[in-house]
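Common to both upcoming complexes is chain A, partnered first by chain B, then by chain C.
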Partner chain A sequence: MKKRYLIPFGIFMAIMAIFVLGLYRMGEDPNFTRNVPSVLIGKQAPKIDLPDLFDQSKTVSSSSLAGQVWVLNVWATWCPECWREHAFLVHLARNEGVKLFGIDWRDDAAAAKRLLVDKGNPFVAVGFDPESRAIMDWGVYGAPETFVIDKQGVVRWKKAGAMTRELWESELKPLLQKLEKG
Partner chain B sequence: MIPEIGQLALILALCMALVQAVFPIAGAHKGVASWVALAKPAALGQLLFMTIGYACLTYGFLEHDFSIRYVATNSNTSLPILYLISGVWGAHEGSLLFWTLTLSLWTGVVTLFSRSVPEVMVARVVGVMGVVSVGFLLFMLLTSNPFVRLMNPPLEGRDLNPLLQDPGLAIHPPLLYMGYVGFSVAFAFAIAAMLGGRLDAAWARWSRPWTNIAWVFLTLGIVIGSWWAYYELGWGGWWFWDPVENASFMPWIIGTALVHSLAVTEKRGAFKAWTVLLAIFAFSLSLLGTFLVRSGVLTSVHAFATDPSRGVFILLFLSVIIGGSLLLYSWRASQIRSSVHFTLFSRETGLLLTNVILMVTACSILLGTLYPLVLDALGVGKISVGPPYFNSVFIPLTAPLAVLAGVGALARWKRDSGLSLARKLALPMLLSVGGGFALTLWALPHFSWGAALGLVLALWVLLTMLLWLKEQGGAAGLAGVFKNISRAGWGMFFGHLGIAVFVVGVALTSIYSTEKDLRIEKGQSYHLGGYDFLFKGAERSAGPNYLMDRGEVVVSREGEHVATLFPEKRDYRSGMPMTEAGIDAGLTRDLFVALGEPLGKDGAWSLRIYHKPFVRWVWLGGLFMAFGGLLAALDKRYFRLARKARLETEANTAGGKA
Partner chain C sequence: MRRILVLLVLWSPLLAFANIEAYRFDNPQKEADYRVLIAELRCLVCQNQNLADSNAELAQDMRRQTYEMVQSGSSKEEIIVYMVQRYGDFVLYRPPFMPSTVLLWVGPFLIFAVGVGILLLFIRRRNQEPVVQLSSEEHARAKGLLDQETK
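Right after this comes the complex of A and B.
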């Protein structure tokens, strides 16, 4: 048997191995993919100063939310996961009173504005970050990601991946209630 | 009662599939004629029970039987009948049922229309398809049963995802599945040929029409999916490089390579190992697409977490089917002795290059699609790679394909002289470069290198294809064209012409589209791309299961009425807002109006309008390709083969009686 004909089989088994690994870790902790701890948790949140998505001559700053509990959401129009969570973010902003600060990351400004006009804008303010300026400070490597920042400006919580009703009910809502009281 | 009958039917279908998977293959191996003869009845029996099972679930939808969990979660009483029927395949369990039904349908058709193929070969093919059926039926019965009952049935069901409530998307999955599953036939023929140890031109000839038909379905499915995304998502784009789209595009690319490779194997006996490998890949990618994306198993972390047994089963199943065939391949392919030679300038070289480029393209897309999933599996995070990656990979890879589409058809098999080929191609080359640049400079709004490249490539394909017609016609001219060219030849002609049409569409619409976001009040008008858009206000009304705002926009050109468009914004009961764009379609341009949000109390709205030149050509190109594939599948020689086989059987039986 010539060895080169085994190459496709070898590649396939490698791919399978990765899937098995993923599945195994998923079995240990159903939420493990989303629980990558951020080194930022418990630390002072990096300051955000970015051009306003809707008017790039202006600047939006996270200092406008100082003293409040707020949520940072990193998103982009090229990210299907972000489309999936969008309607729920709108619901959170309109009906649950969540203060969302958005960072539109590596994106086309026109497309981003269009999405917000079409599907509703859940954000208090949206910073436009085409060159990953602010993103680097936050250690974000994919979209969407969501952070919670408390009244003292400390990062308390982080999730990679789309926001869902389950996540809101089980983690985010209790946390926000606790932080609002404290 | 009815759901239990459906459940029983699925179990019986599984029994049939087991018989179909075991006996024909074993019989072919051991030479037991009675076992081989089981292939046909077992396959048809499985088809019968699958049809009953599917009908039972459809009945549950039509009768609003909310005691079935799947019906309760995917439909409600106010859904129009079309979406009750399409709701059957709208979610995970039902789409698996539909997939399996399609597989048994293909198997049934293969048993009925393969008279020209030796019985032992058909038995092996049916057996391999039976193995796949067994896997799917087990998966369904063990982990994703569509007939699970609810103890306390709700009075009203949940809504079907509003994105799926659209006629375009009602027919998109069936077409796609016909394509996906159709590749199982080519796969089964390849495996059967390897099992029999006869990897010659014969299996290629038998599986070619099936592969072509599967490819036609997949092409149509993708075209309709893209068209749906265009008008339903309301962003004016026609391709988003979403994992769901990629899952259908990868098997299509490999399928395209397979269609070409089969031609070489059949006609020249070359590329034998390649073709087998492509057949395995095409079906493997279809499986991967079905599981990883369609059923939402890997894209949604949640689905996996609720039921890890699904994931385990899928990995086992993929390992058996794909891993097993690749092992078989590594054993059999090393025994092939290829005695076919061809020189640098030959049609074989052109087709080989085409295949290599298509493979590389598919691999890059696979990488871009899986890489985020792999990161996710390793716990690094969930990311999207996005269009920037895919566009930068895809465009440089496809431009040479268009060039090859012209050269390949004109080159001779086995050996051609580089000089005579160059002489033949000089004129089309000059004309297409000159024509492409001239058109870009004078006929288009402003010069762009991208548009020039697109037009040059399109003209190149068109001119070389016309030259091919002339060559085929020979001395007889136009009469010769119609006399000498077979349906398969016309298939190639239209398929390649489709590339030209597609390239024109992509180049012109991505470069010359104009758009504008507006705040517009009742009675105001706006000028874009030579058209005037007059907004006549928006009104609130109700649809069957949604409320909507319906705008009215009158479009005119130099005072002459062109169209009245009604863009809608719908609020479905499930709480998802949906945009229905108002579109005036035309061969050279689309006018596209999407309604945004109300602004203030004085009747002002945000409105977005697009002028999209030549966007229809994108899909028109796809339809040309599908038409070409259909012609090739219906080539007369397949019918001749079938007739010959029938006559032989009749002669044999007659001889037996005498």
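Right after this comes the complex of A and C.
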């Protein structure tokens, strides 16, 4: 066999190797395909004014947390990762003093309330957003997504995907401690 | 019974269209703007589709947002700026020409140029191959062979 016939074969194998590596990377990181960089980091946080999940005639507003370090969590009962992270969010609110503001996105209000009653409510307030009006301002495209907002109202951090103990220890906790001092 | 089932199955693709919202526009220009926008904006959920093709719930809401802005008189540019401020350049199905996207835009032309270059090189090399000079004996032999064939 002539050597030059090996060249297309070699190129083919190289392309296959790239595909296989790419697939493995996707497999390891559940958020791989979703990692769209947020344009909000370092910018003023969009204001949230939404109906209160527990009483939709009332309004909950992010301005009630102005001047504090707070965390925004976008969640829904249709999102499996949200169920998975829920217990940890409750732990953060009860034992670590994290101020969580929730947005219940495109959800069934009754199911959402039942979840919070049964499994605990980690949120200072929960806004109900059935038409993606608030979450679009935040560039949210999946659930759960978590943001950190500092005392000046600037978005400092964002994560698409569930909150975990590892993520808390390695990124969120140090950041919140730093922001609380500043 | 079987006929009814077959009919049902044949009708089922139509359900897929039933989901696309029908919006009414004040004038044809607004409708045209809306169609251009939903073709140019990317669905963030199913990232290889634009808003027009996607039926993800977020895409529905982004279409509605686009519709409302078009109806209330926003220009195409204003709506694109609105989306980019929230979702970044990624929301544009046609990415802007920037340092990070140079390869994306220029890459295909570059590959084409390389291909043409290689082709030219091959052709030139072939032309430069020396013409084989035959001796008179070889000429005679070739002639003999050719004559044999024509007989």
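The rule we apply is simple: the second predicted complex is superposed on the first by the 146 of 182 C-alpha atoms of A that agree within 3 Å, B and C clash if a C-alpha of one lies under 4 Å from a C-alpha of the other, contacts with A are read in each partner's own complex, and residues count from 1 in each chain.
Everything that follows uses one rule, which is that a residue touches a chain if its C-beta (ideal position, glycine included) is under 8 Å from a C-beta of that chain, and two chains touch if they have at least 3 such contacts.
Every value quoted in this text rests on a predicted model; they were computed, and no experiment measured them.
Participant: Pick one for A:Y5: touches chain B only (first), chain C only (second), both, or neither.
Facilitator: first
Participant: Looking at the overlay, what does A:G139 touch: chain B (first), chain C (second), both, or neither?
Facilitator: second
Participant: Contact-wise, after the overlay, does A:A76 reach chain B, chain C, both or neither (first, second, both, neither)?
Facilitator: So A:A76 only meets chain B here.
Participant: On chain A, which partner touches more residues: chain B or chain C?
Facilitator: B
Participant: Does the superposition put A:E131 against chain B (first), chain C (second), both, or neither?
Facilitator: In the superposition, A:E131 contacts chain C only.
Participant: Check chain A for residues that touch chain B in one structure and chain C in the other, and list them.
Facilitator: 33, 36, 106, 141-142
Participant: Using the touch rule from the top, collect the residues of chain B that touch chain A in their complex.
Facilitator: 234-235, 240, 242-243, 273, 277, 280, 284, 301-302, 304-305, 308, 311-312, 315, 318-319, 322-323, 326-327, 329-331, 333-334, 370, 372, 374-384, 386-388, 515, 517, 575-577, 579, 594, 596-597, 606, 608
Participant: Which positions of chain A touch chain B when the two form their complex?
Facilitator: Interface residues on the chain A side: 1-2, 5-6, 8-9, 12-13, 15-16, 18-23, 25-27, 30-34, 36, 76, 78-82, 87, 91, 106, 110-111, 113-115, 117-120, 141-143, 145, 160-162, 164, 166.
Participant: What residues on chain A touch chain C, complex-wise?
Facilitator: Within the complex, chain A contacts chain C at residues 33, 36-40, 106, 131-132, 136-139, 141-142.
Participant: Taking the complex as given, what residues does chain C use to touch chain A?
Facilitator: 44-45, 47, 57-58, 61-62, 64-65, 84-88, 90
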